[in-house]
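Report on one structure; see the data block that follows.
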Amino acid sequence: MRPSGRAADQMRAISIEPGFTRHAEGSVLVSFGDTRVLVTASVEERLPPWLRGKGEGWVTAEYGMLPRATHTRGNREAAKGKQSGRTQEIQRLIGRSLRAVTDLKLLGERQITLDCDVIQADGGTRTAAISGAWVALRLAVDGLKLPVDPIQRQVAAVSCGIVGGTPVLDLDYVEDSSADADANFVLIDNGTMAEVQATAEGACYDEEALLRLLRLARIGCGEIFAAQRRAIGA
Amino acid sequence: MRPSGRAADQMRAISIEPGFTRHAEGSVLVSFGDTRVLVTASVEERLPPWLRGKGEGWVTAEYGMLPRATHTRGNREAAKGKQSGRTQEIQRLIGRSLRAVTDLKLLGERQITLDCDVIQADGGTRTAAISGAWVALRLAVDGLKLPVDPIQRQVAAVSCGIVGGTPVLDLDYVEDSSADADANFVLIDNGTMAEVQATAEGACYDEEALLRLLRLARIGCGEIFAAQRRAIGA
Amino acid sequence: MRPSGRAADQMRAISIEPGFTRHAEGSVLVSFGDTRVLVTASVEERLPPWLRGKGEGWVTAEYGMLPRATHTRGNREAAKGKQSGRTQEIQRLIGRSLRAVTDLKLLGERQITLDCDVIQADGGTRTAAISGAWVALRLAVDGLKLPVDPIQRQVAAVSCGIVGGTPVLDLDYVEDSSADADANFVLIDNGTMAEVQATAEGACYDEEALLRLLRLARIGCGEIFAAQRRAIGA
Amino acid sequence: MRPSGRAADQMRAISIEPGFTRHAEGSVLVSFGDTRVLVTASVEERLPPWLRGKGEGWVTAEYGMLPRATHTRGNREAAKGKQSGRTQEIQRLIGRSLRAVTDLKLLGERQITLDCDVIQADGGTRTAAISGAWVALRLAVDGLKLPVDPIQRQVAAVSCGIVGGTPVLDLDYVEDSSADADANFVLIDNGTMAEVQATAEGACYDEEALLRLLRLARIGCGEIFAAQRRAIGA
Amino acid sequence: MRPSGRAADQMRAISIEPGFTRHAEGSVLVSFGDTRVLVTASVEERLPPWLRGKGEGWVTAEYGMLPRATHTRGNREAAKGKQSGRTQEIQRLIGRSLRAVTDLKLLGERQITLDCDVIQADGGTRTAAISGAWVALRLAVDGLKLPVDPIQRQVAAVSCGIVGGTPVLDLDYVEDSSADADANFVLIDNGTMAEVQATAEGACYDEEALLRLLRLARIGCGEIFAAQRRAIGA
Amino acid sequence: MRPSGRAADQMRAISIEPGFTRHAEGSVLVSFGDTRVLVTASVEERLPPWLRGKGEGWVTAEYGMLPRATHTRGNREAAKGKQSGRTQEIQRLIGRSLRAVTDLKLLGERQITLDCDVIQADGGTRTAAISGAWVALRLAVDGLKLPVDPIQRQVAAVSCGIVGGTPVLDLDYVEDSSADADANFVLIDNGTMAEVQATAEGACYDEEALLRLLRLARIGCGEIFAAQRRAIGA
């Protein structure tokens, strides 16, 4: 039995609320249970210097955690004067995941930045961020009214893990803290994968376990893809 | 006529929603019209080194603006590696304002940090932050169940300014950008003042104008005090 | 009775010594009693990127405190690798105060930087800095021999406070440390105000107190305006 | 045909030279073809503050790239004043991988730091670093002459990828730059996995491809395990 | 003929004004011609952690240049967020020079920091700083009224150089900018040397030139030793 | 008797191995006994902004010490976020020394950066770096096939010191730690000097001692010049 009473292959309640803020070209508040992330997509008609003049655009992400999103207050990264390795790792993952479904040439010479700020954390903040960011990006790109759509597919992400010997879907904080292994899957709606990161925390895992986690991720991402479509009214 | 159609002495809609996040000892989402600030109060049973062993506590604040809280995206301070002068000035003001109504000896040897993060900005973020922070602090202190209440009074803040020659209350972004002078008032519910900061932006102001702005601030803070009491169910 | 033996409305001895250093386009050593600040005005025929091409100039300020300007040695900000919030707050105030009397279009596309370095501190360093900076700026602009003078008026600043229940003018360090409230006034020689910052330190203040502090500030700035005129031989 | 003329499942020449420097408790120069990484293991009889008094030790890693390890000179991170996200991501991965085979309780209250500095880069620096770090750690722990060995198994890592549609083992720089997907596998000598990181670069991959990459990784790590054993004379 | 009209072995006017500021345990304004450096000596009854409990003290120095001490304004190091290599090199030299004449055991477990801030620069700021710092240190140690004097000798410094083929003493800025070689000598009043730093700028120098520069430095330091004794009334 | 058994005027074994890495335009592994430094020379066809358009080039250096190059592990400067004063002092010295033998006009508008990274430290790392950097620079410039050779002479460096009252050549770490004075000499192959830095550590030194150290340095640099010529096959 999981602490939350969920079945092994059961996601937490997913909610993706579009238009949460008004200035951004796209914005959502995404919730996976008690994990809540505000994602905004900002379109800028200029590129970082190293990308200019190549006839293509860029999609990137930044990630932050409000100091009291967590059970005990963490230090504010702006006050410490640097972003942690964890923060940088996560924002690089989010950016790669969104670029996996974006044709940068079709996007044209502009940059879209996905700002993912965790309002409340209960496990799975990076996967919620990716899943929400797709909707924010979708909304922002819709606003550009481009002749050909540069976003060809949906991308979603979910974490799975082995807790107490059992593979389970969509870990919350309590499970995440005690997992033997935990894996983040970034999946495309055609069944392929953009990223798999599977990490042993307490015990190394075998191939069968990895595949069982992947099966769970497919179930979870199926639900997220549906929630994404509902959020954009598709 | 103001851009928003408000009368000169009319506040925007005030909303203070307690319990917006679940981990913090106190939290609110405060809105002054389209300005929305998430404030959390975190209680820690330890003090910064320079305050230890004096038999009293500390109340401090940190302030941040999500990158796309504004019309155009600003750089993330954590990524730049430092907080701007504006950010530091604001967080110092918030901390002083809250300490003005807190008896630090009665609080005891603990620190309460008010994290004020601007979700959406439309002028007056610092005054909304102070006004909301009082509620978050109140909730956090209530949870401590101290024998004697260290928070003796209410504190609220509002900005006023001279726009197109007319003193007006609670500037929004459009007014703020074109004001000749703008003033932040931090008032106590007994009619005294914790802080006045009146700054000429385009034209210096005279004593009469300062007093008219103060009259407006008294009207605005009266409404905020009422909203604060409603938020805590008083 | 004040610790220094001064009357409530009595300034410390004011001295503004022009030409204290030889490289700067304008320089003064300004003293308010034992508070001594070296101010230099540097003219540069280039602007920060965000100001270029607008047909106007910029006046800005930087502030520093020598490590042993104070009773006990403070850390050197260059060694710590960042400027404190207090430093940034002060230098922003100085810059705004000087811009309040400068017509930036008449100045033309150049930048003048006022460097205010505290050699010895005994309260009121920011107000002494502003008062001296006006003279340094005046000297630097005189040297430009512009067709129309961009500096239309004088600006001066002084701190007042409520000490032991009594409003007094031009606080020294001992008074500043024990004040119930302290206020910095930046006044223009035509009687208007560029900035008022009144802060409760130990007890909130009422409107009457604020007005009495303003009366004292008018007395003090009158003396400073005269000292400024003497310094430039006007 | 691969640019290097290797077969799809062929590793580059592996060399692990123990004792490359003399001060460290363990050191190796590890080469995967033209990729050369110097790894030192430093034993310190003190722990970071957050680990003290728990009766266990810590194994951590730092990673650096000499500025001209690469085809064109990169900026020195010490001169820029911060480590890139890539650097932090890699050093976190190395540390986790080594901890996966270390019993921290048996290690006792000491810290071992693996410094992995890339002398010359030709793809696969992080996997070479992990593979060499195991030998450096082994040598350092041997020197401690602990009653029970805290390193229970071998760990090795290799990168695989899909290049021109074909899954290949141990990518060099040319292949890495053009791969459609690239995956780092950290494997244990009992067949289990400590970490899988598979990333789509140009095209998303399916489950079959992931499994084929894993097969290749098993082949490569088998060779690395043998090279590790030779390096320690086992 | 030198630009200043001085003879090759002629110092600029030396002035060492003790007691320039009032808070420091020792302070001087030292001038070598137009080069003016404010030096304060601060005594603190605590040591940096790595020096505690060894029964001896420490003498250290920090160096700074006010932004407009020079012909054109330089950036403020506190604003840039780091001290330049030049600054660090100079402050290390000053500290070593003073420690060369201080018995740290006799000083006891306290630290004296010499803050050397250049008010106006015209060449030779580091040597003026060392020469003035000895007086500030002497005054601060006198105030400690120690049973045995820890400062056994005088130390002074001067720069010499080869300008237009001629060895000259005490370079000013104009000479320094065009020197073929320039050397800083830190000499002890018994004729020995604490530091020699001789650097080719435009042309390498031979042994005879080095010795001629040393002869000049002995002349210059003789004058400085006398000025130091006058400053302390010895 | 020296700890190493060497005679007072005896160098450690010198080895300069060219072509140690393959990407750099010039590279060597230089060893003075157990001190080993990897030096690479990188040619870039662009200049720092302040040097552009002057018709000449630039030669500069960066220096680093691998964390475990030393007996006990030091902190990684990239992780601390800044280079120490010592590091900056050394890299400035290396750059000046190489520029002393380079005609920057003949080099043309390009920059050569000498990266000197200490693999293993046993005293004299900066002098080994300079001595090896000359060879790396020579190799890189040879590759440019310039019409007129911009490197006119050889430069080499060695440290000498007074240990136990005796002047000795080429200090190792044990001697360096206990020297009364230590001096770094940067000599040109025509007998002139580019830099002398002689520092009293425990006891001030007299002119005769300085000259005896210089005699030793001439002996040492003679051997290094020969090793440099062998390394380039001259």
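Lettered A, B, C, D, E and F in written order, each chain numbered from 1.
The rule is short, and it goes like this: a contact is a pair of C-beta atoms (placed from the backbone, for glycine too) under 8 Å apart; a residue touches a chain by one contact, two chains touch by 3 or more.
Keep in mind it's a predicted model, so treat the numbers as computed, not measured.
Asks: Show me the overlap between the contact partners of chain A and those of chain F.
Replies: For chain A paired with chain F, the chains in contact with each are D, in label order.
Asks: Can you tell me which chain lies farthest from chain C, using the average of the Cα atoms as each chain's centre?
Replies: D
Asks: Shared numbers divided by all numbers used: is that above or below half for chain E and chain F, i.e. same or different?
Replies: same
Asks: Kindly point out which of A-B, E-F or A-D repeats the C-E interface, defined as over half of the contact pairs being the same residue numbers.
Replies: A-B
Asks: Report the chain whose mean Cα position is at the greatest distance from that of chain F.
Replies: So the chain farthest away from chain F turns out to be B.
Asks: Would you kindly tell me how far, in whole Å, the mean C-alpha position of chain E lies from that of chain B?
Replies: 50
Asks: Using mean C-alpha positions as chain centres, tell me how far chain B is from chain C in Å, no decimals.
Replies: 27
Asks: Any idea how many Å lie between the Cα centroids of chain A and chain E?
Replies: Here the centre of chain E sits 59 Å away from the centre of chain A.
Asks: List, in ascending order, every residue of chain C touching at least 2 other chains.
Replies: If we look for residues of chain C contacting two or more partner chains, we find 81-82.
Asks: Give the chain order around the ring, anchored at chain D and oriented so that chain F comes second.
Replies: Chains encountered around the ring, chain D first and chain F next: D, F, E, C, B, A.
Asks: Can you check the complex and tell me which residues of chain D touch chain F?
Replies: Against chain F, the touching part of chain D is residues 21-24, 27, 34, 36, 38, 40, 42, 44, 62, 64, 66-73, 76-79, 81-83, 87, 113, 115, 117, 119-121.
Asks: Using the touch definition up top, name the residues of chain A that touch chain D in the complex.
Replies: That would be residues 82, 84-86, 88-89, 91-92, 96, 100, 183, 188, 190-200, 204-207, 210-211, 214 of chain A.
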